[in-house]
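Scrolling down, you'll hit the structures one after another.
After this come two complexes, each holding chain A, first together with chain B and then together with chain C.
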Partner chain A sequence: MDVLNNFIGGTISLFSDPIGVLIFLGGVIGGMLFGAIPGVSMLTLAAILLPFTGHLSAEHGIMLFSVIYCTGVYGGAITAILFNIPGAPENAPTAFDGYPMTRKGQAGKAVGAAVMCSALGGTVSAVIMMVATAPIANWAIRAFGPPEIFALVFFGLAVASSVGAKSFWKGWLSVLVGLLISVVGLDPVGGIARWDFGMPYLLAGIHFIPMILGFFAVSEIFVQAEKKVIGSYEAPKISVDFPTLKELIAHKVAVVRSIFIGFFCGILPGIGATLAAFMGYNEAVRWSKNKEEFGKGKMEGVISSETANNAATGAAMIPLLALGLPGGALTAMMVGVFQMHDMQPGPLVFLLSPDLVWVVFAAMFFANLSILLIGWMETKTIINLLRIPFQFLAPLILCLATVGSYAVRGLVIDVIVMFIAGAVGFFLRRSGYSVAGIVLGLILGGIGEQTFAQAMQMLHFEWSGFIGRPIALALLIAGFAALVGSIYNAFFSKAR
Partner chain B sequence: MQLKKFLASTGIVAGSMVFGANLAFAACATDSLPASMDGPGGFPERALTMVVPYGPAGGSGQVAQAMAEAVTELTGVSINRDHKPGGSGAVGMTAYMATPADGYTVLEHIDDAASGHALDSTQPNPAEDLIPLVTSQITFSQIYIRAEEDRFTDWASFVEWVKAQGGKATIANVSKEGSMERINMKYITDATGMEIQQISFDKGAPRYGALAGGQVDALFEQPGDVRNFLDAGTFKPILTLLKEAPSAFADTPSLVDAGLDFEPLLRFRGFYVHKDAPADRVEWLTWAFQKAYCLDSYQAYNESKFMNLIDSYRDTEGSKSLITNTINQYREVYKELGLELK
Partner chain C sequence: MRNLKLSDLVEAGLWIGIALFLYVYSFEFDRNIEIYKFGASAWPRALLLLVVVAALGQLYQTWKKGEADSGSMIGQASDDGAEDAAEEAEHNTLAWYLWTILLMAIPFAYMLVPDWIGAAMGLEKAGLHPIKMVCAIVLLVAYVFLVRGNHLGGMLALPILFAAFLQDYGFYAMAPLFIVGVMFLMGERRISRMLIVAAIVYAFLLGMFLSLLYVGLPTGNISPFYEFGTGMVNLLQ
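Showing the complex of A and B:
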């Protein structure tokens, strides 16, 4: 009852304040817009706005960033679906099936599914956040240390190895290439340089955003350009048919599963929406009876990815607000907003500034609902971007991808990496290897190596230490079981 | 319970606020500099660029933002921040050294630049290959435990408990071998005879979460970075790595109080320009950055980060001295550790 009263109080405070409403709307639209432009993500908008939040009240400043976070995660799905350009890393799995749906003339259904599921995942996550922030945060940091996070990453890799590949072996080889790329740069324990070839810029490692833009956007341009040259190019069919309610209800299990996965990944400090999206997608593939349909335009792929990444947004606020632990870059900037107003996120915020907390909670709830409203309205218009002829669209996409790659760290090497990834992706696509697997290996490899090193230090370099940590042990066993099952299938399944 | 923790922590907050208030009203280090200065030949005719070798959300990103805003407030000149994270600051340094030495591009960097040069002399020496405009943050480290910890409650009982674990005790720290954090921990373990496993966390949130969640037994950190946990009464400092404890942490033993005899390494952040930049432009930049240090806005920022507890300011010569002494100290320790110096 207290929760409901507080929520109503927060809602009234939010919508009875004209400036607050303007900031809320600005955040909703700004998040969607910046989320949709590749490379120039919601983080770019947040970094631009950060100095100005000092001139806003603490309530308005924190609320603005929360709203940008919710809608920014959704915004990247649009370009992922329409042009194979994930607006942010957490939208990469959305492109796996979203873009093939566009090529099949189902862009409306894909965007509609993304709108519905982003709103649903985010809203449910916001509700759980309102009800149980403190106990969930305290449980998560006690139950999940580096051994458990490493085990989770291992499990994720084990179940996802064949995503997008034509065979189990090609899938694993793709993931291993990604893992290999992830070790370029300084090692996470001793700071020892690896694979830098004497080039200082490689010390920073290979960032996954240029790789994603290269593998997805640039290679797609190359593929379509080749078709144009040989005369087999077909413009995507324009369709604004939304998914029917029946189609969405048919995927209710995938939605619930992705909400759970997204929320769970979101509450772990330093993990967040990207892993959530990949895990949501991977689990959809794993539990599907028609695995071979994924990657070819299956709506369940879009639904699983978009539900999971938005479910992570509310969850990521839990360690931030309850413990002062930011889960990712945007929540870390939110710490800066708190500090600009002489406040610190953590338990005291609930004690000293309950009004602020409930305005933020209400704003996140309504921001997720507004995805539904604004997303639904914009879908009919935004799909018409597909009408732009390829000869105009391709250079525009290349420009955006180039700017997006450079904007990540301000390094030219990221642009070079993007074009190399584009060229490699062009050839890999026709060979049955999985560019998604490489990206997955790259993203999870970085987290996995670091948490493995930390886990081994914590367990005094004794593997048996995992036995004393039940959650880690369970995840490792599940991962090994998935791996053995996949190998068995690779050898004995007729489908392979 | 939370209120009790809050009230208990107000001792720290109140202490620092009093100190900060004194500092704000006392004469500031650069008050003697002229209130305004014309740029030479109309310099700067366009916005300056500040290369920051770390991300926008961390300590360097925040101090870069605070200083850039203060300089803009003072001079009206905009400063664009160009974040180039990676390689423990090496990527940003390399990128900066490749920019024109015309005074339009400045660099933010931390003591990692000094330790980097100490280990590899082919890396730029910030005291010789660059001109320090100002060092605007100098801080010390502390050892923290959970406030609710009952296995040990202070430094003495912590040392006793760690020794009883036979090397199984853990402390969250920053990863890089030869870093300020690692060297200070070497000093501590050598002086106490403790054997403690250091767990490498290169990002703040997982590092703090590891202590809050009981994944590790202690944490090595600077007070400004964990201020929210101190204010909330979640973490408790049990050792200050300074010879003399600052008033805000009067109840926390200093090195002398704990019977530890070594010179601790400090964390410092400052701003630099190319050594070959035109002298008159360097003079103007030096004035702008040093004068901006004393603006209320910048001082308020430093205070919020506990950067007012010890003298955080060094001018150009003071910065050179700080950097040179730090490099020499690192080299001595690296030799002891058997690290190969280039």
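Showing the complex of A and C:
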């Protein structure tokens, strides 16, 4: 009952304060818009707003960022579905089936499914967050050390490596390319420069935003450009037919599964919504009887990915608020907001500022619900972007990608790297490699190496140390089993 | 050699070559770290070994089973059409690849050649500007000459060329040309449409990023492009 009373108290505080309501609405709409504009993301908006939060109260500042987080994760799905441009890494798996659905003339259904499932995943996650922050945080933080997180990354890569590639080996080569790119720069333990070839730019590592924009958005423009050049381009059909309730109910198992996966991945620091989305998608494929339909425009793919990434948003607040550990870029910025108000996120926040915590929880709950309402209205208009002929849309997307990659660090070389990644991505796609695999490897590579190094130090460089950690061992065995199964399939299954 | 084609061998060779190249360069950072006995090179070298294993695995699978997909692959149709389009347009011949490599070398030539000339002549940075402009004009003429008959190659090279020009000539001066260039390469020939769309896209970008979001874009550093860029920033911000 305490939870309910606190929630009602938080809701009343939120909506009885006109400035709070304005900030809430601004965050909801801003997050969605920035998520949906190719080339910028909710992180861009958050970075722009960060200096100004000093003028807001701590309550309003944190609430604004948590609302942007919820709606921004959903917003990125729109461009992933319409243009194969994920607004953020966590929307990448949404594009696997969302974009083919658009090409088949089912953009409305795909976006509608994303709206429903983002709202559902996020709202359920917000409820679990309210009820279970303390016990879950206590368990996960104690049970999940570096060996477990490394094992989870390994498992994630093992099961998701085949997404989008023509063969098992090409899937792994794609992931390895991403992992190798993530090696460039300083090593995570000793700070030794690796593969910098004497270039100061490479010392800081290759940033993942230009890579994602290049491999997804730019390479897609090149693929469509080729079709334009040879005259085989077909404009996607426009439809605003939303999925029926019956269609959505038919995927209830996928929704529940993705909520669990998303929530669990969201709790773990540094893993967050991205692995949640990839694993949500991949588990949907693994459990499906019609695996071959995935990637060709199956609604379950969109549902699984979008439910999981939004379910991770509520969970990501748990380590942030309970322990002061940010799980990703946006939650790290929230730490900045706390610090601007001379506060430190952590267990003391619950004791010293319970009002703040419950206003934030209530705001996240209502932000996820508002995705439903505003999402429906926005969808009806935004799908009409597809009516613009592609030769007019392409320069706009390329320019937005230019601005997006330049804005990250203010470096022109990031733009050059993005376009080179686009050209490389184009050639790799033609040869059956997976750009999604590359991006997955790139994002998880850094976490993987760092947690591996920490794990080995913890275990005194004894591999047998993993045996004494049942969760890590189970994840490693499951990952190896997935690998062995795929290798067996690659060599011994009958060619189709 | 029952199912293997030359391209499969080249592909595997390319991966193994890249792995060997990076392995050789890994000795540059093969140093001990006191608190971490694997050092800085163990992780990247393990990845390189896996690249070689995966490249050989791919080769063996193709040799055994041909080009057929392996049974459990998912999501591959999200890339549907990329391979078919290449075959249909004969964009996979050796001649096309060489032609495209030549086109894509143009931006890299711009990034390197003026600096080489400047170094040979002992010029300071500002003294390089006239050389850069002459190089840009020569390379643009070469691009226009080479792009005829290979619009896809031109499309792959144009964004990199645009990015290479950004530092010197700025986003504000280059964006309209880039927008028109992309439309032309994608088959648009109606000049009035191209001008209208370029104006709308340019106005949208400037209004959105410069006026509303205060996102700084490259202004360039060669006169008169620099003056044009800063003038736009002063006018709109």
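Annotations for the structure displayed:
Rule of thumb we're sticking to: the second predicted complex is superposed on the first by the 492 of 496 C-alpha atoms of A that agree within 3 Å, B and C clash if a C-alpha of one lies under 4 Å from a C-alpha of the other, contacts with A are read in each partner's own complex, and residues count from 1 in each chain.
One rule holds for everything that comes next: contacts are C-beta pairs under 8 Å (C-beta built on N, C-alpha and C of every residue); 3 or more make two chains touch, one makes a residue touch a chain.
All figures in this text were calculated on a predicted structure; none of them were measured in a lab.
In the superposed model, A:319 makes contact with chain B only, not with chain C.
Contact with chain C, but none with chain B, is seen for A:179 once the two complexes are overlaid on the shared chain.
Once chain A of one complex is fitted onto chain A of the other, the partner contacts of A:363 are absent, as it touches neither chain B nor chain C. Once the two complexes are overlaid on the shared chain, A:101 sits clear of chain B and of chain C alike. Legend: residue contacts after superposition of the two complexes on their common chain; A:335 is shown touching chain B, with no touch to chain C. Contacts of A:345 after superposition on the shared chain: chain B is touched, whereas chain C is not. In the superposition on chain A, contact is made by A:171 with chain C only, not with chain B. Look at A:229: by the touch rule set out above, it reaches chain C but stays clear of chain B. Of the two partner chains, chain B is the only one that A:201 touches; chain C does not reach it. Chain A is touched at more residues by one of its partners, and among chain B and chain C that partner is C.
Common to the chain B-facing and chain C-facing surfaces of chain A are residues 189-190, 192-193, 410, 453, 457. By the touch criterion stated above, chain A contacts chain C in their complex at residues 44, 48, 84, 95-97, 99-100, 103, 162-173, 176, 179-180, 183, 187, 189-190, 192-195, 197, 218, 222-223, 225-230, 232, 282, 285, 291-292, 294-297, 301, 390-392, 394-396, 398-400, 402-403, 406-407, 410, 412, 415-416, 418-420, 422-423, 426, 429-432, 434-436, 449, 452-453, 456-457, 461, 485-487, 489-491, 493-496.
On chain C, the positions that touch chain A within their shared complex are 11, 15, 22, 25-26, 29, 31, 33, 35-41, 43-44, 47-48, 50-51, 54-55, 57-58, 60-61, 64-66, 68-83, 85-86, 88-89, 91-92, 104, 107, 111, 151-152, 155-156, 159-160, 162-164, 166-167, 171, 175, 178-179, 182-183, 185-188, 193, 197-198, 201, 204-205, 209, 213-218. Within the complex, the chain A residues that touch chain B are 47, 50-51, 140-146, 185-186, 188-193, 200-201, 203-205, 269-270, 319, 323-327, 329, 332-333, 335-336, 339, 342, 344-348, 350-352, 409-411, 450, 453-454, 457-458, 460. Interface residues of chain B, counted against chain A in their complex, comprise 2-3, 5-6, 55-58, 62, 65, 69, 82-88, 90-91, 94-95, 167-168, 170, 175-179, 197-203, 205-206, 208-210, 212-216, 227-229, 231-232, 234, 304.
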